[in-house]
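Quick one: this structure, given as structure tokens, is what I'll be asking you about.
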Amino acid sequence: MAGDSFGTLFRFTSFGESHGPAIGCVVEGVPPGIPLTAADLQHDLDRRKPGQSRFTTQRREDDAAEILSGVYEGVTTGTPIAVLIRNTDQRSKDYSDIAQRFRPGHADYTYWVKYGVRDPRGGGRSSARETAVRVAAGAIARKVLTSVLGRPLTIRAAVVEMGGLAIERANWDWLSVDANPFFSPDAAMVAPWEALLDGVRRDGSSVGAVVEVVAEGVPPGLGEPVYDRLDADLAKALMSINAVKGVEIGAGFEAARLRGESNADEMLPNGLGGVRFTSNNAGGVLGGISTGQTIIARLAVKPTSSIMIPRQSVDTQGRPVDVVTKGRHDPCVGIRAVPVAEAMVAVVLADHLLRFRGQCGLPVGL
Amino acid sequence: MAGDSFGTLFRFTSFGESHGPAIGCVVEGVPPGIPLTAADLQHDLDRRKPGQSRFTTQRREDDAAEILSGVYEGVTTGTPIAVLIRNTDQRSKDYSDIAQRFRPGHADYTYWVKYGVRDPRGGGRSSARETAVRVAAGAIARKVLTSVLGRPLTIRAAVVEMGGLAIERANWDWLSVDANPFFSPDAAMVAPWEALLDGVRRDGSSVGAVVEVVAEGVPPGLGEPVYDRLDADLAKALMSINAVKGVEIGAGFEAARLRGESNADEMLPNGLGGVRFTSNNAGGVLGGISTGQTIIARLAVKPTSSIMIPRQSVDTQGRPVDVVTKGRHDPCVGIRAVPVAEAMVAVVLADHLLRFRGQCGLPVGL
Amino acid sequence: MAGDSFGTLFRFTSFGESHGPAIGCVVEGVPPGIPLTAADLQHDLDRRKPGQSRFTTQRREDDAAEILSGVYEGVTTGTPIAVLIRNTDQRSKDYSDIAQRFRPGHADYTYWVKYGVRDPRGGGRSSARETAVRVAAGAIARKVLTSVLGRPLTIRAAVVEMGGLAIERANWDWLSVDANPFFSPDAAMVAPWEALLDGVRRDGSSVGAVVEVVAEGVPPGLGEPVYDRLDADLAKALMSINAVKGVEIGAGFEAARLRGESNADEMLPNGLGGVRFTSNNAGGVLGGISTGQTIIARLAVKPTSSIMIPRQSVDTQGRPVDVVTKGRHDPCVGIRAVPVAEAMVAVVLADHLLRFRGQCGLPVGL
Amino acid sequence: MAGDSFGTLFRFTSFGESHGPAIGCVVEGVPPGIPLTAADLQHDLDRRKPGQSRFTTQRREDDAAEILSGVYEGVTTGTPIAVLIRNTDQRSKDYSDIAQRFRPGHADYTYWVKYGVRDPRGGGRSSARETAVRVAAGAIARKVLTSVLGRPLTIRAAVVEMGGLAIERANWDWLSVDANPFFSPDAAMVAPWEALLDGVRRDGSSVGAVVEVVAEGVPPGLGEPVYDRLDADLAKALMSINAVKGVEIGAGFEAARLRGESNADEMLPNGLGGVRFTSNNAGGVLGGISTGQTIIARLAVKPTSSIMIPRQSVDTQGRPVDVVTKGRHDPCVGIRAVPVAEAMVAVVLADHLLRFRGQCGLPVGL
């Protein structure tokens, strides 16, 4: 009820502040018998890790995950899996001067007004550092999906717009995504974005981004009507990521501009006794339940609030102050949102797959 | 876990199919001592009710709500409040010819593939009829908010775009909203939208819409980090409404196109020991917690999928069929989404207010 | 969170006061495709119904259950099943004189002090009338168990002690249970209990009872370590029944008096590749997980608090008063607890069976 | 849903196996501003710790708790509090010979049949070692209770029966409880229990015990009708402790042997505008809600299943084997259940206090 858990049958409960001793989570509901090691988490954690290019914060964290429970001889046992990530590069002094000031765009003010006390070191609980835990849980969720489905399921994300510069969809190439520091699926956009971000950093400013998540191989039938719809849970999962201000599924806001006959995806026999759709405006979800098509979601990430340009604010005494955020920050937090968004989609799908199996048995075709 | 409940401390659990005997809900967590009668629900139910203008479905439902429990001598007792709405205008025969066909854009196929069985009458559980229950729960949530806060809190919504035609924000007038059949805050947009919808209906087509919800008077501090953020729960609440494909908070997707210094809302002393913001790109939420500013959310509603224009589909035997949806339908379901969106925001706020009070005591300033 | 729901994957949410318009529940998580009609609920409801012998309250309720949703053409659809039972024999005047008095042993005082308001008619929400809803939910749970297991599972209960007079276990005969008004498994105990209750009624007094529930055919593996253990959930389910003051599993309190070598049930190969136990002190649960043995639970029911013998109490003004409960009451509420206890065990088992299937797939051997 | 969490508003989620790297928990819902250090947990942890007398297992664990989050400058921040306890004395070899055998009375067989895999080292997840986590969570719950109530609340427990030898209630002295190795409130029972346990250990056997928990100062109004009753949640909390087979509240099973006029606790004006009860058969709970009287609960703990006397069992291949549990074990696990039972009662009360505050505001008189 305090909001630190996500999911129901597959659920993780997280803890930790940016500059406390550690962050981590407890993952419940993992089926037994799935091979799992800390190395399985590390790949995704490394993709999210700061300090990998000059376009992300230079804060260095090893983000080395330790599995404390729920695995025996390399295999899950069905009991809760605790993941611990020690905080190693804390440098509290970088932040000490703003402990009494509310940074605009940050959660400083809201935590203070809610709780009357806050951990100001590096943003405390509201720091994007928390998203490392999501990535760890997401890596376990991927394992669960593969194991229960008995086949691979692909969840990938990419940055499709940064600082107002959008990719060309015709250029989309998944191989490109991990080959540039922006997770861009359009190789032609790498140079413009480099130029953009170099300028932004020079200005001490920041820019926003739009991230798209694509999940292929999702079986039909996932999602619980009428409130825990798959798209509703995806919206919550993605909106809960730091700095996200919008979420859309399939055609999203553009669907509101289509006519009914253009928007509704037509169906044809697929020749195998099933169905194929002639388009995917629905983004793979109808009535809150997956259709078997590719799931498509997009999220809008606001520009990093930590900037070098002075902004007006107040302090805890209610006095006016200017705030300049020194220290190491991402010029575009949207970049590092990519593996986090993938992870949250994996968690939602794993949860709904287990819920489907609980109520109805396994999905059709498995 | 089956998805029929929404909320935690303030929670409603709903039931009912479009053409079954009744729909309704059980509302839990309502504080005791709040005056409540069925008439309190009826005002909002009537705003959602179909058949009120030529621009909504001509299906006629009295939508008369009966309170079965939890109220004694006109006052809530703290026990669950059951609300029952009998279905009176069912006309099953209107739908019988499409019982075996999957209507494109509808949940027919997904319910069938998920459950292996479905109630085809009027869309069954996936019908927009279910949203009457949300409105009833929302009316109770408003009562809870007013009672706990000890002062009014205003939650209103309006259609800000229909069929691609957007209102002029400079014309915004809340008095206009209930004075036209479109919930338009811009009186100048009524005529163009009338023309649009008359044409759409003539074509047997439909259009989408964008709805904006505005909540004023929300105290700071509502929202539970880090997964049950206020904005994450709003996103889930709004995305769970039938036909919604996108949700944004404050500047939303536009925030992704702003620079950090433009996006981050600056703060100044308000002269009363508190804070005032110089802008509201955040839409009243920072770090998942309300700031005390006005909450602003927008939702994209796809065009009604029930149209007279034939669409290709398959039947339950996997054979190709053409589907034409006869009967009575809304040319733009986005219109009737207005009171539903308000209701869901009320439910989220009431839930988070009680959760705040549970963990931390009452919000500051109350 | 307000306590009106029971279960997780299989869950029911109840509502209703003793003398309000109706009581009922919404049952979520029922797998689709299970034949179900109102008649299926009526058999169990009739066993709980008052007024069937001179040994239960003469209040007459038809307890006719109406299914409002979730069933189409006689088969469950996977959507929530609402059950409505109208209150028909309310006679509010019987209770009006004690509206301002706190009846000793009843929940009058605690509801009043908790909520500051209460519905005094017939005990309101705290009336045993609420247990009819449990029985309805339990009847659905039995259907779920049979359907998912693909074979019958037997859940039965009996009164094993009343007013301090215990049955002879050697006489146990399940056929006897429904053949006498006490649900006694020992036919020889019927006459003594008749004499006991006739005397108790003459005195305007009441007696307590011990009920035993026995569930045969439960597969091994049900129960979630370490807090949602099967025995822990059974304890909660049974202790939540009105007037229950104690719960034990298997040898129960007697286990505390055994030595380790006598208590631990030994295992032998069963000749079929499985295991058989040589005793069942565990009552079918080890480490919170079912063993595959018969589940055995007992519950202690206190004597009815509504008696004709004057008792001292206070009124809502804090003044001393004498309370005499006139009207129609059970001399031993433990009798009617029998079908209620069965129902709650069925609900717990159904919930854990679906949870097992969700996390691990179907239990071994199914 | 996987059973690793307890509570709702105040909730802890635990993890860890007996011989894995660590055990621990995440505690959510703790109000902000409460002074808390690891030392606050240590007092209760030390009372539970093994190896403190010759009457408990000689396994030595420092049980040193580390707080990883949710506390800043010695004060809770409202964010989740993670507690980590490293396992230091693991000696896996003591257990290796029984990895393939199902120890009678233990959870070996049920974990294996449920999950198809298990961590056999020291009982894995089913070990009583997990109860250290409960004690840590309980220590935090006590802090929450004191802070929210603004006054002390006393939760204590004692062993009232061991191996069939019961204390004399007239001798009850709370000062005695922590002054002997058995948590006996009756100093005169220390010598007989010493003799009993010395004999039991010599025989390689074990005995059971009955523990009584007493909570004084609980405000009236805690408990959520009708399923999350205070007594129902206490029953679940206590039955979920390892080796517990029975729970009773107040007069418990004896209540089933009383007449109505003897059982129902009479009320009198207390001279201060409130109520006092002339007896406490209810154990402080009526209708599932606390009365303001002392809460009394008892739990039956079965004898330790690990004994030196050979018992018949089977191995994972289904072959008959004899099992003798060597190693270090408690001759009576009921002793160390005392601080665990206190902790679980504290957790239940803290949760219900926050739930009360959430729905209704603070309890009357606070």
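Every chain is named by a letter (A, B, C and D) in the order it is written, and numbering of its residues begins at 1.
What we mean here is this: a residue touches a chain if its C-beta (ideal position, glycine included) is under 8 Å from a C-beta of that chain, and two chains touch if they have at least 3 such contacts.
In UniProt terms, the chains line up like this: A, B, C, D = Chorismate synthase.
Model, not experiment: these values are computed from the prediction.
Peer 1: Between B-C and A-B, name the chain pair that shares the greater number of C-beta pairs in contact.
Peer 2: Between A-B and B-C, contacts are more numerous in A-B.
Peer 1: Would you identify the chain whose Cα-based centre sits farthest away from the centre of chain B?
Peer 2: Ranked by distance of C-alpha centres from chain B, the top chain is D.
Peer 1: Between chain A and chain B, what is the separation of their C-alpha centroids in Å?
Peer 2: Here chain A and chain B have centroids separated by 26 Å.
Peer 1: From the mean C-alpha coordinate of chain B to that of chain D, what's the distance rounded to whole Å?
Peer 2: 45
Peer 1: Using CA atom averages as chain centres, what separation in Å is found between chain B and chain C?
Peer 2: 39
Peer 1: Two-or-more-chain contact residues of chain A, please, as numbers and ranges.
Peer 2: Chain A, residues with two or more chain partners: 1-5, 8-9, 14, 29, 32, 78-79, 111, 114-116, 125, 225, 355, 358-360.
Peer 1: What topology does the chain contact graph adopt: line, ring, star, complete, or other?
Peer 2: complete
Peer 1: Help me check something: in the complex, which residues belonging to chain A touch chain C?
Peer 2: Those residues of chain A that touch chain C are 1, 9, 29-32, 78-79, 225, 354-355, 357-362.
Peer 1: Using the touch definition up top, name the residues of chain D that touch chain A in the complex.
Peer 2: Touch list, chain D to chain A: 1-5, 8-9, 11, 13-17, 20-26, 28-29, 32-33, 66, 68-70, 72, 75-82, 84, 111, 114-119, 121, 124-125.
Peer 1: Looking at the complex, which residues from chain D come into contact with chain C?
Peer 2: By the definition above, chain D touches chain C via 1-6, 8-9, 14, 102, 104-107, 109-111, 113-116, 125-126, 130, 161, 163-164, 200, 205-210, 220-221, 223-229, 231-240, 242, 245-261, 263-269, 273-275, 278, 281-283, 286-292, 300-307, 309, 311-314, 318-320, 334, 355-356, 358-360, 363-364.
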